[in-house]
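This report refers to the structure that appears directly beneath it.
Going by the order they are written in, the chains are A, B, C, D and E; count residues from 1 in each one.
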Amino acid sequence: GSKAPAGETGPIKIGSIMPISGPVSAYGTQSRDAIIMAVDEINAAGGILGRQVEAIVEDDEANPEKTKSAFTKLVTDDGVIGIVGALTSKCSLAITADAQARKIIMISPSSTNDTVTDAGDYIFRSCYNDSFQGQVVASFAYKDLKAIKAAILFDNTNDYSKGLTQTFKAKFEELGGTVVSEESYATGDMDFNAQLTKIKGTAPDVLFIPDYYNTVSLIAKQVKSQGLTSTMLGADGWDEIANNAGDEVVGSYYSNHYSPDANDPEVKAFVAKYTELFGVAPNALAALAYDATYILTDAIAKAGSTDPEAIKTAMMETNKKFVTGQISFDAKRNPIKSAVMVELVKGTEPNKPAVKYAATVNP
Amino acid sequence: MINLKNRAFNILTLTLVSTVIFVILLILQYFKVISEYTGLLLTLAGIYVIVSLSLNLITGFTGQLSLGHAGFMCVGAYTTAIAIIKYGMPIPIALILGGIMTALFGLAIGIPTLRLRGDYLAITTLGFGEIIRVIIVNLDSLTGGAAGLKGIPTFSNTGDFIIDAIIRFSWVYIIMILVIAVIHNLINSSQGRAIISIREDDIASTSMGVNVAYYKVYAFTLSAFIAGVGGGLYAIFFGYLNPAMFGWLNSVNFVVIVVLGGMGSITGTIIAAVVFTYLQEWLRVFADFRLVIFGLALIILMIFWPKGLMGNKELSITGFIRQLRSGEFSPRQIKTKWNEFRQKKGRKKDGRAD
Amino acid sequence: MEFIQQMINGISLGSIYALLALGYTMVYGIVKLLNFAHGDILMLGAYAGFFILTFMGVTPASMLVAFIFSMTICAILGIVIERTCYKPLRTSPRIAALITAIGVSTLIENGARVIPFMGPNPKQFPTFTSINYDVFGINISMVQIVVLGVSIILMVLLNYIVNGTKMGKSMRATSYDMDAAFLMGINVNKVISFTFAIGAALGAAGGILYATAYPQVQPYMGLMPGLKAFVAAVLGGIGSIPGAMLGGFILGVAETLTKGFISSKLADGVAFGILILILVVKPAGLFGKNTNEKV
Amino acid sequence: MAVLEVKNISIEFGGLKAVSNFNLKLESGELVGLIGPNGAGKTTIFNMLTGVYKPTTGDIFLSNRENLTKRVNGFKPYQITQNGAARTFQNIRLFKDLSVLDNVLISLNFNVKYNSLQAILRTTAFYKEEEKLVEKAMAILKIFNIDTKANELAKNLPYGEQRKLEIARALATGPNLLLLDEPAAGMNPQETEDLMKLIRFIRDEFKLTILLIEHDMKLVMGICERIIVLDYGQMIAEGPPEEISKNPKVIKVYLGEEVEFDA
Amino acid sequence: MLKVDEINVFYGTIQALRGISFEVNEGEIVTLIGANGAGKTTTLRTISGLMRPKTGSISFLGQNLLKCDASRIVEMGLCHVPEGRRIFANLTVMENLEMGAYTRKDTKNLKADYDIVFHRFPRLKERIKQIGGTLSGGEQQMLAMGRALMARPKLLVLDEPSMGLAPLFVSEIFSIIKDINKAGTTVLLVEQNANMALSIANRAYVIETGRISLSGDAKELAASSEVRKAYLGGK
């Protein structure tokens, strides 16, 4: 295998693979900025193991093919010892087997698909996975909202959306509710009237829409114009919806990794600094990428060397409060942490909803 | 036309040249002169060459625009992967199976669409490609659906990454050479001429005794077979498949490669496929500007080389030597050509003035 | 009841496809170019509307300004694109122009992503508060009615231009034989520019209507509708104006009914399946003339 | 023995009877002219004979070189060609972007003695056969005096040579019956004269039966042994040139009064 | 009226015309004759603006044609009936004729002109609604000619108008040419049927591989043995 060829004195190289271009670049650039911010902080504080940290970011356009070549470049040409990435699950899945084989520590900040960490003990993530999140939303719906009938509208061509659908459904039905209708669409669809008409016929209490905010904001408008009154529920993909939708989403809930309005000092410091540096408030993925960088560098520091074996062991010992909460790893290298449910409420201006912390749901 | 006199020489040079290039590349990779990353790109380029050549067979040589080649690749990839994962088949058999399965799809598409021409055929193949994707997304239990298919064992697992990379490269390279040979030999034969005549004028073609329908379907099926094998290699190469890897925009990429290389030119396609693969990587540093540059490049290339790099000609070493000998590249010749070029430019300016 | 509602959903989706297919078919009909960039013109048109509406607020007057502004800008852009990118390729193989169109499309989409005031992030498109009519339990929205109305008006108008005016005559002549058209004294360059201008203006109008129906703008927003419009145009027989219209409706209704009554997972598959079936039966589309050349 | 026998064929285009109840019998070795005013249906008859159009009624019988006679109604054009009838086109339809040699080689494709697998594997059979094909093609080109241009692209030939290549290409399919549609169109009188000699020569050399359409009376009257005159899709006269040229009906609808020709 | 001066025209790198010069005066019939591939069609295409010469100049009615695009040239009154007919294959016969009148401003007289065309070519009248592309070769040739007549040009440029026409119509075409010439239209004619062409023309030029090799009075040229041998066939 290729051990980090960098001499004991050179910088410690960390790779990152993010979609800087392509359809989800909005997420990728924020995550990249957060990673660089973290690395700069670490270097300003004197680095780790007495060495500076260098982050090398490669763009994969959220295309698994590019993720693979970016990974190979980072590992064989640049000699990175760990990877923060990839962003989407399908991209991460394209490299997990390679990372495991080459003993490269990989920590994905945001790939929530359950199977991402299956490839082996070198693969970690800083976000919770779809099963967990689906369960959180389902129990919130059943217990807190007292919903009995749920409908789901999901993206059938997106693993994230599909994964959440399955776990939500399983948990909701286990709790005693019924999923009265389950409709889908394909990535890029803009018209959901057909599905919504069908859903309306089943009169659900809640409508679970596990997708990203840009699609959700479109769906929400059509939900309202169809006169469908069920409470809408979402997951972490809804992050940023408050800035991208109007009053039609008011009254909906979604699960997230953290709530920027929380009173935690870590959160406050991170949000303030990020906003100052980049001019926009960080989204949840940025926070996760920031945390992932720290989890990795902390482990290197704790391991006292760049030996992958040692870092891996140190990673497993992580137990600390980060921006997105207290994090430690379970046996499958998923973080053990709590999720928050946030509610969308009327903002100060019309058509500018605000986010309100609703509940913390623990595993 | 086939140069009959040089027949032994041709076969010999072809085998020799390809073997020598192969061995050199292997040695370079082994001694890390070519980095593993470059090696990976070379391998990927090989797969692109295979699929692009198969597309060229129908688009360049038969003259039928297909926008569904990623769909063919997809069928081959999934078939091969499933054959290996679920049924434990050895790689060669799985690859052939992938090819056959795709050929069946090709046949199923080729026959009903025989009457379609040009853009109507293009949109139909695009539709088939998308239907294939819809099927694969919905066959969750077999294909992993939207989450993709993981854990496809790679070509070898020696524990030494360099050796593994070399083995992987060899698989792709050898199959690529075979594909080149098959297409080249087919095109330069009576059957190949029949295929080309369809592109030129199908009414004249059928009037000269060419069974147009047969050869169209033949080319379509063979093309699908090769694309399927390419897809199979891709699956093993990646170890992971996702339906999103085979969208219609990927099909468009293959069309771009074929046109840039020159419709109906084998060497053109090869060069374009390799350049395309590398360009994708090199331009990555430009982040969001990458595709801006790419778009611009496409426009400029087409305006200046509307027939692609090679037109329908082939790059040939012997031809090049012949040109050298004939003094085509003698200093004097080059000088006159340069002068002609300058004159032409000068005149263009005048042209604008009036 | 649900069936009627789904039909209405389908027709309103179809009218959007139809509107876009019109622009496609226009350009294709005259220059035989699959203008891959048509969807991107739609995007630019929607952005132009977006700027006007954010700047002026949403009123009927500003809506009108948005339409005029965006259609004008896009028409000019259409002409510029034609002059710089397609004109040099008129005598080249058609596929070269197709690749150029792909290049133009890539350039516009990704250019929009790097232009600071557009950027990669989706933006909310300002709209009127939606008015819904509830007729015997059937839900129709104002936007649906407007889109349908505008598409039909534009189709009639286009049909008139192409079949009833001198310009239309020159357009048809140009489409059949460019050299011969020159020899009749037709200024082919002007005709083609006009065609592109109209095509692009239609795209822009489509963009604003599209963004009103699905209120969001982002650089890749033209991709899917562009593809669907392409399918609709082919379905109807490329080059045929009523064909494009019908193709759009068939596609919209087929998609919606599949989602409503078969399975939403198969919608795209079924839509393409219908396309293929129709083409296998009618190889030149529904309204396409199967011009068998005389031997 | 009859090479071609056409019984009562008719075809309509949207109500217009382009050809009605046309009968024709060509004996082996004949050189027959088919003339008639513009739009009389001559090309349409060719199109029916070669399978491009399907006659609405009637039968067509065609014999190949082995004297095997088949009823060829509804055959595809390639099947007709393979059964021994080849044609040229009124509007030249060469494979423009291919070489002159390739144009001829394509016509040899259906008799080729190797299959595509042998071609791909480049077996000896392949090389032997290729060599033969090229020889054969060159021989045909030589007859038309365009063998020196074998490697030029067809579209770069002057019009007259393109017409010759069309004939060469049709000849290469090894036909029993050759159908020529206005072979002299666009040729000047001198070239037409050369062409006449050529047509006679190939007829004798290849033992062909030839049916030709032509408006150049010098050519038609000069080489045809029998002439069939068509008007509005119906045969109005048939006979040797001398007779036809004096037939008042033919003069009225086709030849015109003032035209004199020196055959 | 038309003056072509030293034009050199290329197809890519192939030079098709090598310094061709000639002129056509008002009221004349001038014919260009020459073997296949001599460059006659190329000359006509260059005059009507479909191709551009690399060097040389062309003027029509005192204006420099190289400054005008093809459509402008037609408006000036130069009408070209191209080789291979180039009728609009998807338009009906009537629509094709209407296209011919595209530049006409005097719409009043159109009706009369249609009648003239239909009188000349009764076959076209029979097929008035037929799609141009499905006409027979000769019918298409008639349509091309009829279309040109509808334009009422000052200078009519004809490229092999008799190609593919039945003998009866060949003489008809030539009598039409004579008639419209009498009515005031100048004609530049390219014909393979050199006998006929020379018999109606005032003057003639012989083109040989892109150059003018002979020129002069049509009757005299027709009589010269050189021309007889090369272009008029035998004897």
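List of remarks:
Quick note on the criterion: a contact is a pair of C-beta atoms (placed from the backbone, for glycine too) under 8 Å apart; a residue touches a chain by one contact, two chains touch by 3 or more.
This is a predicted model, so every value here is computed, not measured.
Ranked by how far their CA centres sit from the centre of subunit B, the chains are topped by E. At the far end from subunit C, in terms of centres built from Cα atoms, lies D. The distance from the centre of subunit C to the centre of subunit D, each centre being the mean of the chain's C-alpha atoms, comes to 48 Å. The centroid of the Cα atoms in subunit B and the matching centroid in subunit D are 41 Å apart. One finds 74 Å separating the Cα centroids of subunit A and subunit D. Per-chain Cα centroids separate subunit B from subunit C by 32 Å. Along subunit B, residues 134, 137-138, 203, 288, 290-291 each make contact with two or more other chains. Within subunit A, residues 21, 25, 156, 186 each touch two or more of the remaining chains.
Counting partner chains per residue, subunit E shows two or more touched chains at residues 134-135. Of all residues in subunit C, only 295 touch subunit D in the complex they form.
Taken together, the subunit D residues at the contact with subunit C in this complex read 43, 47, 52, 89, 93.
Per the touch definition, subunit C reaches subunit B in the complex via residues 28, 34, 85, 88-89, 92-93, 95-100, 102-111, 113-114, 120, 227, 230-231, 234, 238, 265-266, 268-269, 272-273, 275-276, 279-280, 283-285, 293, 295.
Remark: subunit A residues 1-2, 20-21, 25, 58-59, 63-66, 68-70, 72-73, 76-77, 89-90, 93-94, 96-98, 101-102, 113, 115, 118-119, 155-159, 161-163, 186-187 touch subunit B in the complex. If you check the complex, the residues on subunit E that touch subunit D are 14, 33, 35-37, 84, 123, 127, 130, 134-139, 141-142, 160, 163-172, 192-195, 229-234.
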